[in-house]
Every structure is written in C-alpha cells, then in structure tokens.
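Listed next: structures, encoded as structure tokens.
Consider the two complexes below, in which subunit A is the common component and subunit B and subunit C are the respective partners.
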Partner chain A sequence: MKSTPYLLSLPALLLFAVVVVVPLVMTVALSFHDWGQYKGIEPVFILKNWREVFTDSYYGEMFARTFRIAFFVTLLAALFGAPEAYILNRMKSPWRGVFLLVILGPLLISVVARTLGWALLFGGNSGLVNKALMSTGLISSPLPFMFTEAGMVVALAHVLMPYMVLAVWAALQRLDPQIENAAVALGAGPFTVVRRIVLPQVMPGILSGSIIVFVLAASAFATPAIIGGRRLKVASTLAYDEFLNTLNWPLGAVIAVLLLVALVLIVVSASRLVERRYAQVFG
Partner chain B sequence: MSKNGPLALAYHALFVGFMLAPILVVCWVAFTPEGFLSFPTDRWSLRWFYAIARYPEFVSAFWRSLGLGALSSAIAVAFSVPAALAIARYRFPGREAMTALFMSPLMIPHVVLGIAFLRFFTEIGLGGTFAGLVLAHIVIVLPFALRLTLASAVGLDRAIEHAAVSLGASEWVVLKRITLPLVLPGLVSGWALAFINSFDEVTMTVFIAAPGTETLPVRMFLYIQDNIDPLVTSVSACVIGVTVAALVVLDRAYGLEKLLVGRSGDGR
Partner chain C sequence: MAFLVLENLSKTFGTHKAVDGLSVSVEKGEFVALLGPSGCGKTTTLQMIAGFVEPTSGAIRLEGRDLLAVKPAERGLGIVFQSYALFPHMTVAENVVFGLEMQGVAAAERTKRVAETLELVGLAAFAARFPRQMSGGQQQRVALARALVIRPQILLLDEPLSNLDAKLREEMQIELRQIQRTVGTTTILVTHDQAEAMALSDRIVVMNQGRAEQIGPPHEAYERPATPFVANFLGKTNLVNGATVRPEKISFGVSGLAGKVRTRIFQGNHWLYQVDTAAGLVTVIRQNTGEAMPAEGADVHLAWQAAS
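Now for the complex of A and B:
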C-alpha cells in the first residue's frame, strides 16, 4: 500500500510537528514581541529587539567571542584528535578496543562532571596543576584559566575531542591499507605516507568532524557557564541570562534565533563545500 | 599494518592522560577527609559520599533523572520502531525530509530547543512539570533510538519474513514472532544510548526544570554555579561510576564502536 510508510511514521511525525516545529516557530515569533520591566511580554510585531542586538556592540562582541572560541576549539580538536585516531587505528587488537573505549567513553559522561574536573585542576590557587607548577617554581602565580577564554577553549576541546576522534576513526576504517603498503614498497618514508596517502584520504573525516565540533562548541552551555562564570558570556549563556534572570524573553529569543540561523548557514555551506571538493574522489 | 613508533606511543599516552585527567581528579577529590577541596594522599574518607544522603535534593534529583531517562527512552523507542520500518523498507516522497526532521534535535543547539520548549510549555500550561520534561526528553533522545533501530531494521533479512508468510503466518504473527525479535538487540541498545543521553542532558533541561522537577545534572550545575565543594565532587563521582558501569555493559553487549560510529546507521 502506498500510504503504509506514512501511516507507520505518523505518530513520530505528529510528535515532532507539535513538540519541535511549533515551539521553534513560537520562538521566532517571540523574538518580535515587545517586553517591558513591568508590562511583561506584549504580543505585538516590532523590530526593537533585533535592532538592539544589531546596533549594541555588546552583542556583536559576544557573538564574535562565541565563534572565536568555537574556531579555536575546532582547531585544537583537529590538530590533536586526528593524529590520535591514526595512532589508535594502528594499534593491535585488545589495546585498540580498550583505548577506543577510554577515549570515546567520556562522550557519555556528564559534561558537568567533566567541566568540574577542569575547575579542580586549574581553579585559582588550590587547583592541582597550579599548585604543582608553583611548588616546583616554574610559575610564581597561578595560571589564569577560570574566567578566561583560553580556559573555555581547553575545557571545550576536551569535552568535544571524542567527536573528532570518532569522525577521523570512521574515515580511517574506509581506508585500504594496501595503498599505504604500496607507497612504502615504492620507497616512501613514513612521513611521506602520512602526508601524501593517509591525510588526503581522511580529510573528509577531519572536515566533517570539524563541522560537528564547531557547531557543538558554538552552542555549548554548561562548560562556558562554569568556566566563564558570570563575567565572560557566550551566546548560549547570555540567552540563559535573558530568559531566567532578566526575564527579557523576546531579547533572549533573538539571540537564540540568530545562533540557530548562523549555525545552520555555516553547516550547510561547509557541508556543500566538503561535498563538492570531494565528490569526484569519493562519489 | 605497521606498528606505532615510540614517539607515537608517547603522544598516545599524553593524549589519554589529557582525556582522563579531569575525570580522575573529580573522583580523587571526592575521597578527601577534609571539609574543603583537597587532594587526599595518605588519608582517604567516604564522608562526602555519606554526606550526599543529607542533601535530599540530590537524592530526589537522582531518582527523577533515572525515571525520566527510562521513561522518555522507552517512549522514544516506541515511536522510532514504526518510523524506522517505514524509512528502512519503503522509498516514498518526503522520506529524506522526514529522516532529517527526526534527526534534527542532534543539529539544533540544545540551548535553542530549551528556549523553544520553555516558551511552548509555559503557553500550554506544562511549564516546570515532569510531563513537560518527559515530552522534551523524548524528542531529544529520539535520534539516538531511531539510529540504532534503523540500523537493525536495515540489516534485517526479509527472506525470513517471506518464509514465514509462505508457511502460513499472518501479518501480525510475522511482526510478533519474526520482525520484533530480530530487531530487539537494536531496540535495547537504542534504548540504552537514549537513556544515557537523557540522563546526562543539562543544557536543554536547565531551561524547563523548576525547583521541584530538577534533574541530577541540572541540580549539579546550579550547585556548581554557587560554589564548588567536596559534596559536588562526590555526587559527580557517583554519576561517573554509574555511567562507566553502563558503558562497560553496553560495550560488551553491543560494542561501543558500533554504537557510536553507527555503521550503515542512517540508512542513506
């Protein structure tokens, strides 16, 4: 029957229409509503909130910070995650599985607990790393980590690293080891093999991992909130403030919609680029 | 396959250290005998684990998270089974768009979903309720449940079903005796992955949970925002312990690599 697949997916479709599509449309509508300290939310159509976000440089700086952090997190993850995936792939049987579990496992451990770990390692004078470095005399004052962008980048890179390893690992699984062997047989050194044979073939994996890491870093909430504290705001923590502290929901909705639109544009154009670049090779 | 050189192994050791250090340090501090954050070396104590029992908000948040995860994952699996069968077996107009819609909670930032749910639930009178939490969690864990049910539905050998039909089985009997048992491993692992994701979710939930309906990660997050003390490290250590146990079971039962990489998972 022609209608069977539609009937089968109808329950889930209805659920998503009501619980995903309707709330998102409502949020876009909310961003055009008026808000006042005493009158609350007024369901009218105005551009006040959008104008405020686009003209006040505070929001521009905040979005710039959000994407700057996401960029450096992606860079760190690619630089360190890709080689690790390659090393992991060359390991022998029991170790491969064990270390894959060790590196991918943190993905499923609460992000709050993982960020707490960074706060314990670097938090002010009592942080383990700072204490150790100061007692050896390498540094005289604690490394600034908490409430800094660098701290956010390192902690987020740690939180999101498994996604990069996973993406590169998946690309490595499709690689034919005979090509590497052929290159070696033809006299290529190990460095040449990695640069000329392995890297070009896993590039799509690195790029798709980068897209995932970038999106998750730009929209991360718990880690920037804990490391950044109340001073250093990114898009998601600012939206949270507007919704649960200032209670200016329309303004918070503008920030959320802008973040969503920016990320969708970045993902779509980046995926297009990757597909076009590699379509001939892997199509 | 050639072996890793000493340089590669040193890099690997550093990398694993980087990945594990923050997690291990939380568990380490949790065993401090002191009343403040410190790294115990000679004396270890369980006092902060006992202290959890004196904070009923953590205990009740834990049970709520457990119930929320179990319930929303089970409902998500129930929704995804028919959808997975439709996507795996039929080619129909709108199939790609539908799959993209079901997978969209993975791509939409959770902070945006949290805001959208907060607005929506407040309007329909579900604001701050457990029912609202369940609805929201069903949606955000459905992609995980769907991915694994889809993988097992795609891998299903239809010849077995045809054999049952030719031997006189009715459609219902085929579904009950052949199809469902064959996709069961996919359902169970889909449920487990969905459960872990629900259990750990904080970004979206922090928007829609009210003081009476906070989940454990939300309670931990709000607690850390105020101050960091040994109590929250012992709670975190418990969460890490539970997750690691679940991970090991899941890895033995299904294989973590298969679970996360997903093989022919998305049916494309």
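Now for the complex of A and C:
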C-alpha cells in the first residue's frame, strides 16, 4: 500500500511532534504574551516583548557578545583543532590511540567540571596559575580571566575542541594515504604539501566542524554561566535568568526564539555555501 | 656503468626481512619489471628507490651518485601509484602542472609542456575536468602524465593497471609500452601479474621472499626458469618424471606417455586438457586450429621435446 511508509513512521513523527514541535510552538506563542511583576503571565497577543528586545540596546549588545564569542571560539578551535587532528593522524599506534583518548577524554567529563577547572586555575588571586605566576614575579596582578570575554572564549574553545578534531580527523581519514607521497615525489616540501594538498582537501571537514562548534558555542550555557556569571551575559544565560529569576517568561521566550532563528539561518546558509563550493570536487 | 644500481639492498621491518640482499642493475632507457607475489618485497624496493622507505642496508646509485643521500622531494622521479593518488581538488591540468611549479619552470614553458604531455596520453580534451569526473583508465593516464611531465630520470610504476578491468588493462599495456618507447624514460614496474610483466618489460626480476630468484628477459625466464618458483610463477608447468614441461609444449601423438583425458576445457583460442598418466596428472594446452581434438575419456599419447 502507498500509505504504509507513512503509517510506519507515524509513531516516530508523533513523538517528534510532542517533544519538539509543540514546545517550540508554545515558546513562540509565549513570546507574544504579556507579563507584569504582580499580575504574572497574561495570555494575550502583544508585541511588547519583541519591541523591548529590538529597541533596548542592552539586548543588541548581548546578542553581539554571544556571536562574537562564538566566532572567536570557532576560530580558536579551527586554528588549534585542525593541526591537532593532522598531527594525530600522522602518529603511529599506540601513540595515536593514547593521544586520541587524551583529546576525546574530556567529552566524558561534565562541562561544569571542565569549566570549573579553568576557574580553579585562573580565578582571581587564589587561582593556581595566577598564584604561581605572581610568586615568580612574572606578573604583579592576577591575569584577568573570570568575568571576561577572553576567558569565556578560551574555556569554550577548550570544551568544544574535540568536535573540531573529530570533524577534521574524519576528513583526513578519507585522504588517499599515498597522496602526500605523490606531492613529495613531484618536489613539494612539507609546508607546500600541507598548504596545497592536505588543507584544501580537509577544508570541508574544517567548515563542518566550524558549524558544529559555532552553534554549540553560541548556545552554550554552563561555561558562560560559570566564567561570565551575572556580569557578562550571553543569550542562553539571559534567557535562563528571565525564565527562572525574573520569572518574565515571555521576554525569555523572545530571546530563546531569536537565538534559535539566528542559529538556524547561520547553519543553513553556511552548509549551503560549503555544499555548493565543494559539490563538483568531492561530490 | 649501469644507469640505476641497487646494491645488496635490504630492508627489515622488526624481525621480518622484506627485502633481503637485492642487487639489480638497470640500463638507461630500459623497462624493468619487479615481479612477484604479494609480500615478496617488490613494493618495498620501489618505495626505497622513491625515498619513502629507508633501506636497512645496501646502496642505490643513479648514474654513479648515491641516491640515498638525496631527499625524496629532490630525487626527481616520476611515480604512478596503484591508487593513482591524483589531487582531487585540482583539475587535470592543475594536477599535471603541479610538478613543474615545484621545479620552478616558467609559466609559458609549463603551459606548453602540460599540453604536450596531455596530448601524449590522449587527454588533450580533458584538461579542465576534475579526476572525480573521469573513468579509471582516464585517471590512470592523468597519473602517468603527471609523472612524465617533469621529465623524470626514472619512471616508477606501482601496480599501475591493477585497478582496471581486463580488456582496458590490455589496451593500456600496449599504450604504456608505446609511450615508454616514445619518451625513452628508464622505467621500473612493480607488479604481481606475470602477463603484464612479460608484455611490458625488457627484463624481469622475479622476486620471492625479498630475494631475486631470476633476472633476465621475459622469454628467457619463461623458457629457462632458474628455479621451480620462477617456473611456477611465470605460467602453468608440469613436473613429469623430474623434468619441468610447459603445457603448450606437449602434443598428442601416436606414441609417448600413455594417458586418458580427464577433463577438456574450451577457451576460445586454445584447449586446456587434464590428462591422467602413469606420471601423474598432466596439463596440456593445444592451439585451437579448428581440427577435431581428443574428447574426454579418450586414450591419448603425450609427446614433447626435452627442455634445452
């Protein structure tokens, strides 16, 4: 029967609708509701929250910060992750396995624990690294790390690095094992081999890794919450505060919806770009 | 003095001797095949010439110079890999020109030589294609053009035809031979296919367990194999009363070794027989001349000339 495939996928579609589509629609609807300190949420249709977010420069700054951090995290992850994957790929067993575990191991540890590690090393006067550097006289005051954008970028890049390494690693695995030898035999030096032969071929991997890292960095919660705290808010921590501290759910919903829409737009256009650019070559 | 000399070359991986005291001299312009089963050390030998693997001991000399002292990138050898190892993100022309760019050849000269080389391998119309858009045979020609365009002192071919289907492989054998004759580049072919080695090369080096069992022209190695291994590897053989006889040298006669035909297989241009005799099972190959041949179960007599 023609309808059989649809009937068979019905249970999964139902589950998807209940746990994804319905909450999303409810969140969008919520963003148009009214809210007052004493009256709570009123189920009416108004644009007050949207107007507030678009007119108050506080929100503009906050979104700019969110995407600025995500951009630099992605850049840092690509700059360190891609060479890391290349070196890893050239290692011989057993070292390759050992170092792969070292790189992927942090994925087994909670993000909170990993971020708190950074806080322990750099947190104010009592941070281990700060203490050590000050005692050697290299610096006179602690390195600013907590409650700074730079701190958030470094900690997030560390947390998200494995995703970049894995994406680039997967691209490297598809490389012809003889291809570097072929370039060397034609007279290419090691730097030329990487720049003209390896890098162009793993570029799709770097770009897909970048999309993953960018999205995860822009929507990350735990790391910005610990490093940025209340002083330096990003979209996810602000939405959290609106929902759970101010209890202004409609305003929180606006922020959440805006973040989602922006990320979907960025991801879709970026992957379109990647596909069009490389379809002919790697199709 | 020989052009390329491999002298007592050895390579040990752990406790395994991949190449064990191999000595070969190759003349300028010669086409030499390293032939042997997988694991016989032929590919390791090629990689040592290319510089991707360092010998444990021994020497490689090119025109009297020590080749081992030269970095792989500076050896100027043309290599065609089994997988072709084309650069997938570059067009055919970009693939071929790469080696010339590395040598710092001037732009005008580069364009001219790429066009000439693509003409030579019959791909002049495909310069703007990407490797992915081409057939296996065409990719093979690109790999050959990329190796030849740098005018290498030696052309190394690593199982270059093994990824092609049988018919295309035969065509490419003829073409490869013609191209090599045209450009006159000293060529070393690594293959496990004895027909390919015999069809292409001036001399073959039959290798087994890291050693050369026999070095000589294909015809000589086939007719006068130095060892039982060479005899077996280069074609079908019969061991009759202690003598090695090729199946096509045996004919049916009125007298000779008596036997009974066990199986008869028709293979187009020849008949393949298995005959039960007092000396054991004997394989016989007879040309198909259109005449009637003994059927299965027939009593026959086998005759042959004693090997010289």
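Throughout what follows, the second predicted complex is superposed on the first by the 274 of 283 C-alpha atoms of A that agree within 3 Å, B and C clash if a C-alpha of one lies under 4 Å from a C-alpha of the other, contacts with A are read in each partner's own complex, and residues count from 1 in each chain.
In the analysis below, a contact is a pair of C-beta atoms (placed from the backbone, for glycine too) under 8 Å apart; a residue touches a chain by one contact, two chains touch by 3 or more.
All of these numbers come straight from a predicted model, not from anything done at the bench.
In the superposition on chain A, contact of A:Leu24 is made with subunit B only, not with subunit C.
Of the two partner chains placed around the shared chain by superposition, subunit C is the only one that A:Ala185 touches, whereas subunit B remains out of contact. By the touch criterion defined above, A:Pro200 lies against subunit C but remains apart from subunit B after alignment on the C-alpha atoms of chain A. Looking at the superposition, the partner that touches the larger set of subunit A residues, subunit B or subunit C, turns out to be B. Contact with neither subunit B nor subunit C is seen for A:Thr246 once the two complexes are overlaid on the shared chain. Look at A:Leu263: by the touch rule set out above, it reaches subunit B but stays clear of subunit C.
The residues of subunit A shared by its contacts with subunit B and with subunit C are 177, 184.
Every residue of subunit A that touches subunit B in the complex is listed here, in rising order: 2, 4-6, 8-9, 11-13, 15-16, 19-20, 22-24, 26-27, 30, 80, 83-84, 87-88, 90-91, 97, 99-121, 123, 126, 128, 155, 158, 161-162, 166, 169-170, 173, 177, 180, 184, 190, 215, 218-222, 225-226, 235-236, 239-240, 243-244, 249, 252-253, 256-257, 259-260, 263-264, 267.
Across the interface of their complex, subunit A is touched by residues 1-5, 8-9, 11-12, 15-16, 18-26, 29, 37-39, 79-80, 82-83, 85-87, 89-90, 92, 95, 98, 101-102, 104-105, 107-113, 115-120, 123, 135-136, 138-139, 142, 196-197, 199-200, 202-203, 206-207, 217, 220-221, 224-225, 228, 232-233, 236, 239-240, 243-244, 246-248, 251, 256-257, 260-261 of subunit B.
Contacts from subunit A toward subunit C in the complex involve residues 176-179, 181-189, 192, 196-197, 200-201, 280-283. Those residues of subunit C whose C-beta lies close enough to touch subunit A in the complex are 50-52, 72-79, 81-83, 85-89, 98-99, 102-103, 130, 132, 146, 150.
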